[in-house]
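What follows is a single structure, written as structure tokens, with notes after it.
Should a chain be cited, it is by its letter among A, B, C and D, assigned in written order, with residues numbered from 1 in that chain.
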Amino acid sequence: MTRQTRGDPGKIWTLEVSGIAKNYGATCALRNASLRLRPGKVHALLGENGAGKSTLVKIVVGAIQPDRGRIALNGVPTLFAGVRQAIAAGVIPIYQHLSLFPHLSVLENLSAFAIAGAAGLRARPALVPRATARAWLDAVGLGCDLDLPVERLSVGERQLVEIARGLGQRCTLLVLDEPTAALTHDETDRLFGVVRRLCAEGTAVLFISHKFDEIEALADDVTVLRDGVAVIDAEPLASLSRAELVRAMLGDMVEPGDRALPQPGGPVLTATGLRLGPADAAADITVRAGEIVGLAGLVGSGALELAAALAGARPVAAGTLAVRGEALPAGDRVRAVAAGVGYVPADRHAEGLFGPLAALQNASSSTVALFSRGGLLRPGGEAAALMPWLRRLNLHPFQPERPAAGFSGGNQQKLLLSRNLAVPDLRVLVVLEPTRGVDIAARETIHDALVEAAGRGVAVVVASSDLDEVMALSHRILVVRHGSLDGELPRGTGRAALMDRLAGRRAA
Amino acid sequence: MSARLLRRSADGLRAAGSVLPVPFRVAPLCLILAVAVFAATAPRFLSLGNAANIGAQVWVLALLAIGQMFVLATRGFDISVGAVAALSSVCAAMACNGWGLPGLAAGALAGLLCGLINGALVGMLGLQPVVATLGSLIAVRGLSLLITGDGQVVPLDAASAVTRLGFEPMPVLPAASWAALVLAVGAALLVGRSLAGRRILMAGSNPEAVALVGVDTRRVQLWAYGLCGLFAGLAGVLMTVRAGSGLPTEGAGMELQAIAAAVIGGTALSGGIASVAAVVIGAAFIQVLLTGLNLQGVSPFVAQIAVGVVIIASGLLETLLRSLPSFHSQSRTRT
Amino acid sequence: MMALTGARPRRFSGRLNPPAAVWVVLLLFCVFALAVPRFASAGNLENLLRVGSILGIAACGQTIVLILGGIEFSFGASAALASVVTVLALPSAGVAGGFAAGATAVLLVGLVNGTLVARFSLPPFLVTLGMLMVAGGGAAVLAGGLPIDAPPSDAFSWPARGRVAGIPVPILAAAASFALLHLLLAHTRAGRLWYLVGANGTAARLSGITVWRSVLAGYLLAGAFCALAAVILTSRVASGQPGLAPNLPFETIAACAVGGIPLAGGQGRAVQTLCGVLVIAMLNNAVVLLNLPVAYQQLMIAAVILGAVLLQQAPRLLLLLPVRPARQPEEERS
Amino acid sequence: QDKAIGFAIPNLASSFWISAVYGAEQEARAAGVTLVKLNAGGDANSSQQIAQIQDLAQRGVAAIIVGATNGDAVRAVVEQAVGRGIPVVGISSPPNSDRLSATVSADHYDMGRLQARCLAQAIGGKGEVAMMAGPTGQAWSDLRAKGFRETLAKEAPGVTVVAESRLADNRNAALTTAEDWTQRFPELKGVYAATDDMAAGVVAAMKAAGRMPAVRVSASNFSPTAQQLLKDRELACTSIQQVVAQGRAAFTQALAAAAKKPVEAKVVLPALLVTSDTLGEVDLSSVVAPADYRP
């Protein structure tokens, strides 16, 4: 095998994985995956949505068992029977989907590995000392109350808790599965600082991300998975161009095009005196037909909440919404949908997906009325209405009857988008984190779809923690700080200027 | 006098409210209300004797509810507890006849065994809790009949010695009630202060994540159901102690009362939160309500309606408490 | 591959697959037919179906509630309430009026359940448990705790004893109920909304679905199915019975579970419920025909229910057997 | 003046106990004494009854009448009450204690015996019968069934018991089981029913299967249901107790014991057999509470 001949035979890899296969029933998640990590180096694992990255990660940390294949840790053949053994061996996972316990406190969540790992019938729960916990949170820059239940934290803060928990462990191998998906730039930078420090101490890091900037900033080596097979196997990152990587991932080049945005028309969505909480300042927002307005803010700034309020998905303390001059009660999604306001929530799993239901049924949930007459579903009507959208968005695998829970994250996101795009008289589309955890091909597809919607005359609001995305898509960017608007930036504003404004620094 | 009492209890409640999580405020509130109403209408209700009486009676239901709480906290539930208590009561009685007083422990053991079987069905074989425990409910009832010659009670040879534990006030409460109290404290420590308890709460709070951080979900469920069975078994032992005999057909409908007590006691049906104290108070509330209404000469059928209404009202009360402004003041945190 | 638009899509493969419970039904039927005396006689099968019909109709209601992510414990009590109300209303309202009054009582219970769950977001578990006591207590209060007999009449006994074209009315009613349930679930908007709401209530709300209306409708319809079952039951016992069918909720839940419907919400098909009902009905009949002592009857019922559910999971359980490190293919080293 | 007497009842959803309470309440009203009635809510609720007897003792009633859910189970708590100086009178299913002031008993065994004689005669002394024997583990149903079985064995050896069902006292369940019997036992000649409500279920099943005059049904108790069935000649007979009279007697004894007056330690009121022909001769006032009585 060619794979064996490459690499240095005398060398001890921190992690050496070969020939891994994993099937879920008829779905083949991994066919023949391999991975070789050097100590003290960051190894990027790339692949499009559904390529099998998360599955491979879960196998490495013992959360699931492979059908076949070998894993060696520091040269010793190892197959963890459970995460507990992996943690004990210093293999620390930070998961893509939050694995926190909402009812339990931050401290208890930080102690989850310790609680899981403590042996025997110990009377005391193995809580991490408070000072240690504080230090872990400080490392990621989170300053929240240790006794607060995690359900009271925002998504970004939860992500930080999850990261802090992983970074706090004693580790020989750190596995980061899309840790930055919900993080801002500052937070990402801070995370990278910690990761580099760990590397300097000899820890090997497996890093999954769909963001090339981050990969180039952090990684030393790279493996690319395609359809469960390693098509680039532990090559130095420096030896590969971005184009080569993308081709390896997708089989084809994707042009991250500079899109021409449509010309905005008259006002469609107007929000007056919108206050999220009684203490927040009022915000007035107008979005015009064909206009894409970006909402940008740091984690906890309230950008996502404000966007949700614009879609009627969140109750507000004060303020009114109107679509084309027609008043809309705030916080009433039913009326909002009837008025043509689409919404893609940030938390795909909790607020978007109908897990056990078919992809097609997920896509059609906002338009059931369209293909039913007299309360009866028109046979074939649903498929006729939605199938073109699923095709247009390139659902993969194209199996509309498969339960939504079985699709990869990017494709789940496409389902949520198609749900809204299919609304025939869509006037407003509010999208939160449009491409969180989505690969670059899907990201381009989703961006195209948003611009196209604007081209149809839809007023689009995009709230994202991914600044590149906001900058690429928006006619103008509204800066959100402390739950309300703090100025507006035109298209073409540089990233540095944007960052400054988000952090509250105004140009002199 | 009752007005002052009300005012004072309201003050106490406000103080307690600031420390107790919302769901755990419902049971105390209900209990105080019920006691106030009965005290106002029945002169002898507020006596030390009556309090001791209730303190002695509440424990069968309370132990069942505590057991139920462990399972509810993992997002399961167990409808076999009444049947398991009956079987345990019989086992305790038979073993006690054979080996004397220590034989009573056999009841707890039998309960634990039934619970572990439930846990294995749910945790290892992946059955839905209702189905698994419905199956064991029927099977356990059958087993009770089988070992008792079609449901004959098993009188204790040493009945008078044993029942003394159940009735004679040691100080204030009989020995059996003190024992139950100790068990409840043990359960509280288990939930609040132990590894096992923390893992149970984790499993209920986020079932998908718990395996990902290295907790063996199947084992957690095994233990949660095992504990539920153990406490049902202990309730059965208590029944035996108070009845001086093993009661094979006892406890139909107890499972629903136990679940009601656990829920009134703030155990979230969606898992993840539990408090033994609140559950015991919930059980006391149901017991006070039933006894109080009965003693007032209210038709038992009307009393049944009242309990139903109160169960629903306790749910509404929780919703109400949740919507109070104090709860929401911190709900959005910002960095 | 499908054409881009218009063309009829492939039928959902999942819809056409018979549920695993079908095999359980067939297996159980064969075993009983061979092992239980007179089980397979036409008279007995008719008997079995007639009794099972009542369970089946109520189970249709339970199915809707389960799909909505809820659970119904109050069925037995509201059936009891219906029977008492029917018999009390009989002298003044006549047979039809009496049944209407009884059915109304069940619908009322459904309405209260639905309102509390839908509008006040109370856990269904808690609400229906409470209503179990309220309706059961109500029935006992109205009847004074005792059965009250209805004056015998052909009209009154028609729902339970009548025949149309030679087929017993309860069986026809059950067939109609299952057909209606299938229609509702697979082909109506209301049914689709139940699935969506049951699978993820928040997502449903954000999709613009009036969740409370869907939930309320679901509980009301469940009440309607229960009302039909209650009418047949009342006619069958020809009296108002405050303790009419205490096990009805558990039997309906067991039937759904045996049919393979998960209680988590968002899933379930009419045919699954049908299979579960058939299993329970055959089982209840067989234990009587076998003439076993009650202890063994109960052990057998428990074994069959658990066995039926486990049997359907057998493939999954086999797949989940842990892969031992020892089984790693060593030849890859070469 | 403020004297109260407690009555611990196992199950108020039963015509038997309603009639007993009726009798006791009649006497109580006449004596100007409060009757505190506590209902355990079913024969399988001994724990509840134990708590209720404790409550009565705690409340300081002058005497307690106990119809036990189970005689052994309530023994300890009853003796506890007696120890506190509260006299206890047992009724129908008395606590299994020798410290009772008095017992007023119905003879359940005798009820079963009367049914056996009547049913054997009705089916001509031979053939198959089935027993709808009521719940297991309850004194009343166990004793009635025992009386029936033993009497048959002794006095009618030609009659064989082919099935015995131990369901709860529930008409619908009895109906279903009896329907299954019509399939299973084509030669069935008679059915013993432990209560009149179950008998009504059996009669309905036999009628629907067209087996009615061929299969004879016997019952116990004397609710309006049973009276109607007898009137329609659908029941061979029913064995009854003078329940109201028992209630009265129990109250009288309790009152006497409370006043430390002499009591009649053992009151036995014999069971009676009623057939369609003797229906008119029964003195209803000592047997059953009026239909509109609500406890």
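As a working rule, a residue touches a chain if its C-beta (ideal position, glycine included) is under 8 Å from a C-beta of that chain, and two chains touch if they have at least 3 such contacts.
Remember, predicted model here, so these are calculated numbers, not experimental data.
Student: Give the label of the chain whose average Cα location is farthest from that of subunit B.
Tutor: A
Student: Using Cα averages as centroids, what's the distance between subunit A and subunit C in whole Å?
Tutor: Inter-chain centre distance comes to 41 Å.
Student: With chain centres taken as the means of their Cα atoms, state the distance from subunit A to subunit D in Å.
Tutor: 70
Student: Quick one: report the Å distance separating subunit B from subunit C, using the average Cα coordinate of each chain.
Tutor: Inter-chain centre distance comes to 29 Å.
Student: So, what's the distance in Å between the C-alpha centres of subunit D and subunit B?
Tutor: So the centroids are 33 Å from each other.
Student: Multi-chain contacts only, two chains or more: what residues does subunit B have there?
Tutor: 145, 150, 299, 301, 304 - these are the residues of subunit B that touch more than one other chain.
Student: What positions in subunit A touch 2 or more of the other chains?
Tutor: Within subunit A, no residue contacts more than one other chain.
Student: Touching at least two other chains at once: which residues of subunit D meet that condition?
Tutor: 12, 136, 166, 294-295, in rising order.
Student: I'd like to see which chains touch which, written out pair by pair.
Tutor: A-B, A-C, B-C, B-D, C-D
Student: Would you pull the subunit A residues touching subunit C in the complex into a rising list?
Tutor: Contact set of subunit A toward subunit C: 18-19, 65-70, 77, 79, 81, 313, 333-334, 336-338, 343, 345, 350-358, 360-361, 365-366, 368-369, 372, 375-377, 379-380, 383-384, 387-388, 391, 400-401, 419.
Student: Touching residues of subunit B toward subunit C in the complex: what are they?
Tutor: Answer in residue numbers: 77, 79, 121, 125-128, 130-132, 134-139, 141-143, 145-146, 150, 256, 259-260, 263, 269, 299, 301-312, 314-316, 319.
Student: Of all residues in subunit C, which touch subunit A in the complex?
Tutor: Contact set of subunit C toward subunit A: 2, 4-6, 8-10, 12-14, 187-190, 192-193, 195-196, 199-200, 202-210, 264, 266-267, 322-323, 325, 328-329, 332.
Student: Across the complex, what residues on subunit C touch subunit B?
Tutor: Where subunit C meets subunit B, its residues are 71, 73, 116, 120-123, 125-127, 129-138, 140-141, 145, 242, 250, 253-254, 257-258, 262-263, 293-299, 301-303, 305-306, 309-310, 313, 316-317.
Student: What residues of subunit D sit close enough to touch subunit B in their complex?
Tutor: It is residues 12, 36-39, 41-48, 50-52, 54-55, 58-60, 70, 72-77, 79-80, 96, 135-138, 142, 166, 294-295 of subunit D that touch subunit B.
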